[in-house]
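The structure that follows is given in the form of structure tokens.
Chain nomenclature is as follows: A, B and C, assigned in order of appearance, with residue numbering initiated at 1 for each chain independently.
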Amino acid sequence: MRVALFLTCVNDTLYPDTGRAVVKLLTRLGVEVDFPLAQTCCGQAHYNTGYRHGAEPLARHFSDVFRDYEAIVTPSGSCGAMVRELYPRMGERARAEGRGDTLAAALAPVVPKTYELTEFLVDVLGVTDVGASYPHTVTYHPTCHGLRALGLGDRPLRLLRAVEGLELVELPGAEECCGFGGTFALKNADVSAAMGADKVRNAESTGAEVLCAADNSCLMHIGGTMTRLRTGMRPVHIAEILASTEEEPAR
Amino acid sequence: MSGTFVGMPGFHPHGLPAFPEAAREAVRDTTLRGNLRHATHTIRAKRARAVAEVADWAELREAGKRIKDHTLRHLDHYLVRLEESVTAAGGTVHWAADAEEANRIVTRLVKETGESEVVKVKSMATQETGLNEALEAEGIRAYETDLAELIVQLGKDRPSHILVPAIHRNRGEIRDVFRTEMGAWGRPAPEGLTDTPAELAEAARLHLREKFLRAKVGVSGANFMIAETGTLVVVESEGNGRMCLTLPETLISVVGIEKTVPTWRDLEVFLQTLPRSSTAERMNPYTSTWTGTTDGDGPRVFHLVLLDNGRTDTLADEVGRQALRCIRCSACLNVCPVYERAGGHAYGSVYPGPIGAILSPQLRGTGSEIDASLPYASSLCGACYEVCPVAIDIPEVLVHLRERVVQGGPAVRGGNKVVLKPAKGHAAERAAMRAARWAFGRPGALRTGQRLASRTRRLHPRTLPGPGRAWTGSRDLPPVPAEPFRDWWQRTQGGDGGIGGIGGKGAVK
Amino acid sequence: MSSRERILGRVRRALADVPKDDTPYERAVRRDYAREHGRRTAEQTVDLLAENLADYRAIVHRTGTDGLAGVVAGLLRERGASSVLVPPGLDEGWLAATGVTRVADRAESTPHELDRVSSVVTACAVAIAETGTLVLDGSPDQGRRRITLVPDHHICVVRVPDQVVSSVPQALERLDPARPLTWISGPSATSDIELDRVEGVHGPRTLEVVLVG
């Protein structure tokens, strides 16, 4: 099976380790991974900040880049939700604005075959034990778009429970937003920071070494809050845990 | 004719600070944070239990949504039907295009009774119109009888929650308000009043009883109006609603036009979903239904004032109109992480929280600083949509209203089609978004930027000046890696991926 | 132009984008939710009613037809009631064993007069097991709405199992919307202090329910 890695612009620029982990993990599971270099950004930040029309060319570009792959895999719940949930809505809105079906038709091919990483592993590959080893105490934060827009449910937890040596501890208030919210983190910095601090305090209370999530945007906010508050914890993307093996442990 | 009068002295949108500024104060108020955290977390867990008790919650939610959507789609028909039914049952129907007209009608009706005081059941519609202040200006005193409304009225405070307007006050603060203020409004608080909720409730009972027993005019809202029968429904807990609805000789109900439902049978959905969503009960202690007037039982005169005040403008927006499905349960407030930290006052409206963030900018327009900032008062986490018993996709409407703020465009205000200009204060952001779109349209440009960031990474400061402070005020920046992923990929996996589609040099057309 | 015409005109213009849809209302809303939750015998339904009434702090008593007058008399005695409001159509037998002063439910009584009465005894129109709710519809054995509001002690007699339904949908089928209805689920309560429920505000602070049958 040959899939396209839609890494997302944030991961490409700031979190290449996550990208390398996805490649390593999928390759280990017998999947041929391609990274189309023409990929840039799905348009989520534009769309969610109120620049829907500005997001349209990015969405069309996304579809041009990825439409011919069997499956598109992304290690980001929110970018996955952008494609799956909001691309169809963009098409509908364009239609309502009297611009016909061309946008909807252009975006339609990528919508059903875009998968968030843990969805792809559990639903498409049908695996929960990916042969990983990660001898650390981990608590898992379900990010909002993964949880509520994509409905990832317990897929990430099932994957983590199967990791050798990993001790999973429950995060109090897990389903509460961490306060990132894209441009919300800047536009409403005080509320965002208060939410982040509460999330970090809850994470700290578990005694875990690692806070794991399936979205680096949220982890950037939580991690930045952790170092500012001088907690001993570190944020790690789930892909890096699942890619980790005894022979080649993650950092 | 003007739809701009809002009437609430504390909530006139012009002159109120934008949400982020108002929220900044609230976030630092540790007592307020504690009060809100305690109250919202208590109710969240209870609501989840109450909803889990009914296996068909999803079906009830869907039916509630459809009933409301159908009614809104045929609202002209159902309003006329409602008017006929209420009139046939002995009531008188009045129509108010805006807040000012509603207040004028109620003031005239009260004056016609010759009375100079009214007792009120908690009503969002009359808070929205600022009725109490309008009556006061005409020498008529309005007594709020809902416990939380009483706390707000006595404390000269502002409501901060739809269901529990005094949610920002803890028991100790409530006791202090009762001790110092009750005497000026009637029967003072009992000697030695403590802060136990039972004693505070008892103090309210004693204080209000004399007002109920002598009241000649009651003012209410309604949770539902049934077009087919002309029946109005008030859902409450304390019995103050029953007092106001049955003891006075004259009853005046001010109700938003979107509270209409077609048939009696429709209550079988909402009387299951509303109590569980709002107070997390299987059923609230008291629900009153009345159809016009009944000989020898309850008020002899009944007036219904149907209120528009921006609702038809909201109805004209095909994405935003779903906000009119709202049954004011407040589940979205209780579950909202932003509301929990910012408190209700920061929303600058009688409708705070997620529903307020989509309702206020639609009812009042996005012309003021506060209303233009409300669509951004959310991290789009989606918890509000998940709990909404009529499935209002609040994040969808928030994003839609953000678009209206930054792009402007066609809208309806006061019944007239207008073209809104983009809001001020977004110029830098607009430019940044344009630049990002340009770079993201050109993978080559994106790569150049990424490489530049990587090469200069040791020079990056830990804290940023200017607008970047919004990030680094509370969070460290992530370190920039030595090379972006795409460089590693090309170095190690050899070259340009891409099948069928466009190659690395493709640009957005 | 009147405000009525203005508002109706605005509504019609606001809906101009919506395609015409003449689906009759009965078919426009799918009602695939449950008519009742779970299956129970009549006896189990009465037990559930008792359980849910008690859960919201109503005091529940059970008796046969023969014992009813004794139970009512006992409740009034324990309460120390000096007077009791009686709706015009109340079964006289229910009060046969008590000598407490009766006060008739009359249109002329002022709220202040009602406030001086200790207790009230009524029947009900229907009771809902799943929610622990009593519905009064102003029939002659229930009286005017205010008599079950102003006195602080309400004794409500429910004929079981005939008057008990399982669910809210079933209750609505039995009720006449033209009558003024009061749905009662426990004594008056409030959640207005820290969103925590406290019983006892303006309505009767003591609600006693006698399940008879």
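Simple rule for what comes next: contacts are C-beta pairs under 8 Å (C-beta built on N, C-alpha and C of every residue); 3 or more make two chains touch, one makes a residue touch a chain.
The shown structure was predicted, so the numbers you read here are calculated from the model rather than taken from an experiment.
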Practice item. Skipping chain B entirely, trace which chains still reach each other through touch and list those groups. Key: A | C
Review point. What is the chain whose Cα centroid lies farthest from the Cα centroid of chain C?
Key: A
Point to revise | Most centrally placed chain - per-chain CA mean versus overall CA mean | key: B
Review point. Roughly how many whole angstrom separate the Cα centroids of chain B and chain C?
Key: 30
Point to revise | Between chain A and chain C, centroid-to-centroid distance (C-alpha), Å | key: 52
Check your understanding: For chain B, what residues touch not just one other chain but two or more?
Key -> 318
Point to revise | For the chain A and chain B complex, residues of the former touching the latter | key: 2, 4, 7, 9, 11-17, 19-20, 23, 34-41, 43, 45-54, 57-58, 60-61, 64-69, 89, 93, 96, 144-145, 148-149, 175-177, 179-197, 220-221, 223-225, 227-228
Review point. What does chain C use to touch chain B in their complex?
Key: 2-4, 6-15, 17-18, 21, 25, 28-34, 37, 52, 56, 107, 110-112, 115, 128, 130-133, 138, 144-146, 149-150, 168-169, 172, 177-198, 200-204
Study note, to complete from the structure: Per the touch rule above, chain B residues touching chain C in the complex are 35, 38-40, 42-43, 53-56, 59-60, 62-63, 66-67, 70, 73, 75-76, 79-80, 89, 95-97, 101, 145-148, 151, 163-164, 166-167, 170-171, 174, 197-198, 200-202, 204-205, 208-209, 212-214, 226, 229, 231, 237-240, 242-243, 245-247, 257, 262-265, 267-269, 271-272, 279, 281-291, 294, 296-298, 306, 308, 312-313, 315-316, 318, 321, 334, 412, 415
Check your understanding: In their complex, what parts of chain B are in touch with chain A?
Key -> 19-20, 23-24, 27, 33, 318-319, 337-338, 341-342, 375-383, 385-386, 396, 399, 401-407, 429-430, 433-434, 436-437, 439-443, 446, 450, 453, 467, 470-471, 473-478, 480-481, 483-486, 488-490, 493, 496-506, 508-509
